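Structures incoming, each one as structure tokens.
Both complexes below contain subunit A, partnered by subunit B and then by subunit C.
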Partner chain A sequence: MGARTSGIRQIGGAPGPRGGWAARKPLVLAAAVVVLALLPLYASDYGISVGILIFLYMSLGQMWNLLAGYSGLVSLGQQAFVGIGGYTLAMVTQAYHMSIALSFFIAAGVSLAFALVISFPIFKMSGVYFTVGTWIVSEALLVFFRNWAFVKYDAGYNITVAYRISMPALYLGALAVGLGATALVYFILRSRMGLALMAIRDDESAAEARGVRLYRTKLACFLISSVYTGITGVVLYLNITYVKPGAAFGIDWTVCMVFIVVIGGLGTIEGPVIGAVIYVILRQYTYNFPGISMIMLGVAAVAIIMLAPEGIMGAVHGRFGFRLFSTERRPPPGTGPRQYPEDAADV
Partner chain B sequence: MSVENLAISFGSNQVLKSVNLELHAGETLGVIGPNGAGKTVMLNIMTGILKPDGGRLVFLGRDILKEGVVERVRMGLGRTFQIPRSFRNMTAYENSLVGAVFGSGLTERAAGARARDILDMIGLSGKKLEPAGKLGLLDRKRLEIGVALATGPRALLLDEAAGGLTESEVAEILGIVRKVKESGVGVIWIEHVLQTMLHGTDRVMLLAEGRDVICGRPRDVMSSREVEEAYLGAGVGARTRRKRA
Partner chain C sequence: MAWNRKKKLLAVALCALIAFALSACGGGGGGEGESSGEAGEPPAASSDKDEILIGFAAPMTGPLSIFMGPTPWVEELCLDAINNVNGGIYIDEAGGKLPIRVVYADTESDSNKAMEVATKLVTENKVDILVGAWTPVGTNPISAVGERYEVPVFTFGAPEESWLEGGPYNWATGMQFNYDMLCTDVINMWDKLDTNKKVGFVLDTDVDGTTGREVYTRLLAGTDYEIFDPGAYTIGTTDFTGLISKLKDADCDIITADMITPDFTVFWKQCHQYGYVPKVCTINKGMHYEADVENLDSDGGNGITFSSLWDKNFPFSSPLLGLSCNEIADKWESENEGFYPYSIGYDVAMYDILYDALSRAQTLDKAAVRQAILDTDIDTVFGNLTFNDNQCARVPAIGTQWLPGEKFAFEKKVVASETFPAIPANDPIIIPATTQK
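And now, the complex of A and B:
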């Protein structure tokens, strides 16, 4: 990555002409996307399958980060939406023999409706009560699915349509979902709502005292995050091909989201990207040690947190001032003293 | 703006019994009182963070005690916090932008110019791209006022805007407040440091024992028996308190 000068300039803020990196960034990113999209041409099947996981977990991480990292909503219930995505795919394609494409729309709709309904009770709670509330709601959903005849109770479904999807196609789907999540978060943060979110991230009640509407902003985030997690769930289950309540609505999903975001860097766009890469690779590796794989992941998380309390991206930013996706606002040019010599000097 | 019979208690702790005050446009009203007198509580009631047990708060001709925090900001009630509450990962400019965008409902583009001009006015334009978390105390105090100003207040409530600063730094804050006042904004300025109040305000009010004990010309109030009693009664001399870091 452009370890060159770049970031330091960015933060020190010499305004004026945008430096080489800033101008070239869109090109570099576009090239990176092309290289990633062509991966099926040069990678092994194993490589492709790891790629699929990385992008899907990236999406989960981005969406959890949107909640916990920016709007202060620490949810332990996002697995509900993974499960909704998985079950929607199963019901639409297996029970009703309709298209996969339709599953995405229905999963989005059901996720939106479910998120909206549970928002009324859980948004009355704050802090740790919100966290526990989301968890209880998702556990309740798990119990409900186990006892719901419509979804064949605990038996689950084989998602047979998924067998017909080739690895490269699935990879491209995962890539779209993962990069789409990253782009979505980026555009949200560049928007007016993003300005509110960054203020909320830093100090919620101060943000309110400046006129930020907390409830509205957080609810919007919760709905976006939940819908996108539901959509990600569809692709996840195209990959897993078998859905059962215990796994689909298991808290494990959210545990990985937390892991990814915390080691990558809470409240940064790059964090979930790096976190997902590390998480998936670590997990592939720890498969070789059944039984203690969770312990190894835990130890890795603790080690990273001790070395970099604000996650890897937090540490990188703290040391080099580097941001791949800068959401920083620039003042409009205008009157008044603008460039001071110390601008450049005191970085 | 006027406050009538404001009262609040926390359990058995009756912090405000009956507070009355009036603020005119373009006027600076100092509020002094010993530690724990309820100065910050009064301000929190005014801005909607706390609900009073009784009383009235009339702003722009309307009792606004039922309005929420955000509505009051948008009506033009700006404030600073005693301990600066800047958004530490955002730059000074972005901090100011948050106030300008959400405090007034401007678009980001329109708000940008205001946010920039305010940084010029508070003397922070040289550091506008620094993260607020890296600023020193004086700059954070300045920014705190700047962000409040960015919301476009008709009345500005300052909670110890000069607390903890050296004499020359206090002078900087005084200069900023004077400019604010000259632009027609009414200012309520809470402060421990009595000296600041002598120079920076038009009137001073003493808040003690849950009441507005006296209110008048700064010099008269400072030398009054009531102030002496309130501060000595609290067990600490007003002068020693200036040494707080």
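And now, the complex of A and C:
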């Protein structure tokens, strides 16, 4: 992947040539967040509803990108955690009449426990076997839910408490989840763990030889992604208000995550942001053509991939050579590792 | 310098992309080329009040699309009666009669998509009434959208019990069948036949299957019937041999199934292969259409019984069309190929009710439209319909059987109507000679 960059080592905030931008970046980003947070004041109901979808899909895309784009863990089973989030919300609020807030904690806990349990078998696999393994696990979970009396089999739940949530409130929740996912990925990638993840993605053996603890690093990444996807599932179903196993645990969720990341740019933080905007807008547009909307979406995806095989952000980086959220490392003067020709070329 | 500038530009571009996308979505009213009752007509903003906009979130693709067979034939028929014959509906704000236009959105037979497209219909197209149909996958999330945005919603084609799970409703109304009555029809049919009264369940884990299991168990308790439940199957199963073996071993003369068409086709074929063909096969949901019965191997569909949700023998008429049920079915058969689909009845009744409610409301004020729908008291193709305290209008169901016909390979015969005696059951129920264990 051209979008990939090999980090050299963590740095301690050494001033670089981009000092001016670095100083103003927090201010610019804070202003952007304020503009987006105030959107309910100037956008229509439709704009708010689309904004909710964009930020929720952005969160899903960021979490899938964290796995596939930075860790090399291509999972086709992340829909399991969306379903866990949705069903946790339904059971907590509808079956036990407890607060929505509690759903977030329970969804996070259940997602963490489930991810831990399945990590034992699926982390014994790698590459395509890992991918197929995650898919099988999520399909098994779907079948389990359809046959589980505790959740009323396949009957589904209406999440009636969500009817009364105002759209601005839901939008702010989605905004927090979407931007939170972006910030989380950024800070992970700027940490030692992020450096280890990218080293694993680029060359597992070399990373291990340099002292990266493969299993522990991958597991931590998988757990973070799973828990956050579960939390996103709660907000998603606050918006959808009706949960059924087939829809909650459907592969459609992961298909859209892949779409968003591939279109936006695998292995880039901006990629899922751009991908989510394009995916949601495209889907809203194609809804105007009932019966052929999926065909149109597929054709658009193929066209974008043909024009920009590395995703839009990959193409932008290739053409102009810049990124908004860079995860590249530069060694402090005089403290970097010995530069081998192949390393130097990559830096 | 160049680097900094590019970064700032990208930051601005990213924010602008999101803001533009959201504000572009905030234009409201209209869209690009929605399918409508009048194909090809460019959409106009409903805020202009030059038309009454009905948003129909329907399963146009996916497994539930079988219910959409009468579309767009039935829409053209009803909209012609409203817009051309009657000249539209008088609306005070407009100071005259306005035509109705229907905007469709495809739910893709998926509850997540149903919610998304219904939200789009309400917030972007700004429909005056939102319609959702066919099974809880369509009716429940669409009702929720109506409750959230406080828009009148009309839903139909789901079990009343399942639809009410999403209640209590304020803005959503439903024209639904009742599972208790549906199962009572089925038991009334069995009562007329000579069997060993052993009933085998072939019920799925979906909402219809779980509701059916509960209702049958309750209704058959204390009767001569003996229930055998081999356990629920999952929709999409392709190997029923284990389940068939259990039913055969239990010596069930009767099976009652609630399967979608592809599942039943596989199940019924494997029953024949396994040498187990019960005397009575009751299959709801999957065998409502003659073409599906005809497509079963040889005469495998002969004698299949089911609870029909509308029939041309209903002795009622559509006030909007001025046609009896029999005339509507004949019109379909003369203008289309094949036996009439029962879902025509639901579509026509929907237009009967909405036309009546809007004519009484004479306004597009949402609260007034909602109240007018709830005040409905009208004779339709289902007979007289009114909404109860749960905002549900209950439609009849009757016991019917597929038997070889004169005009089509199979024709539907009304064999039990005790739950709605106004509907005549003129034909005797039989056990075909080919249907023996």
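Some observations on this one:
FYI, the second predicted complex is superposed on the first by the 310 of 347 C-alpha atoms of A that agree within 3 Å, B and C clash if a C-alpha of one lies under 4 Å from a C-alpha of the other, contacts with A are read in each partner's own complex, and residues count from 1 in each chain.
Keep in mind that, in the parts below, a contact is a pair of C-beta atoms (placed from the backbone, for glycine too) under 8 Å apart; a residue touches a chain by one contact, two chains touch by 3 or more.
All values derive from a computational prediction rather than experimental measurement.
In the superposition on chain A, contact is made by A:Arg213 with subunit B only, not with subunit C. After overlaying the two complexes on the shared chain, residue contacts for A:Asp45 are found with subunit C alone; subunit B is out of touch. Annotation for subunit A, partner touching more residues between subunit B and subunit C: C. When the two complexes are overlaid on their common chain A, residue A:Gly267 makes contact with subunit B while staying clear of subunit C. Shared-chain residue A:Ala68: touches no atom of subunit B or subunit C. Of the two partner chains placed by superposition, only subunit B is touched by A:Asp203; subunit C is not. Of the two partner chains, neither subunit B nor subunit C is touched by A:Cys221.
In the superposition on chain A, contact is made by A:Leu195 with subunit B only, not with subunit C. Annotation: subunit A has no residue touching subunit B in one complex and subunit C in the other. Those residues of subunit A that touch subunit B in the complex are listed here as 11-13, 15, 192, 195-196, 198-199, 201-203, 205-213, 267, 328-332, 334-338, 340, 342-343. Within the complex formed with subunit A, the residues of subunit B that make contact are 47, 49, 69-70, 73-74, 79, 81, 85-91, 93-94, 97-99, 101-105, 107-109, 112-113, 115-117, 119-120, 125-126, 128-131, 147, 150-151. Across the interface of their complex, subunit A is touched by residues 3-4, 6-8, 10-11, 14-15, 17-19, 21-28, 31-35, 58, 60-61, 104-106, 108, 110-112, 114-117, 119-120, 122-124, 136-137, 140-141, 144-145, 147-149, 162, 165-167, 204-207, 209-211, 232, 234-235 of subunit C.
Across the interface of their complex, subunit C is touched by residues 17-18, 20-21, 25, 28-29, 32, 35-36, 39, 42-51, 53-54, 143, 146-147, 152-158, 160, 162-163, 165, 167, 239-244, 246-247, 250, 252, 270, 273-274, 277, 280-281, 283-285, 287-291, 293-294, 316, 320, 322-324 of subunit A.
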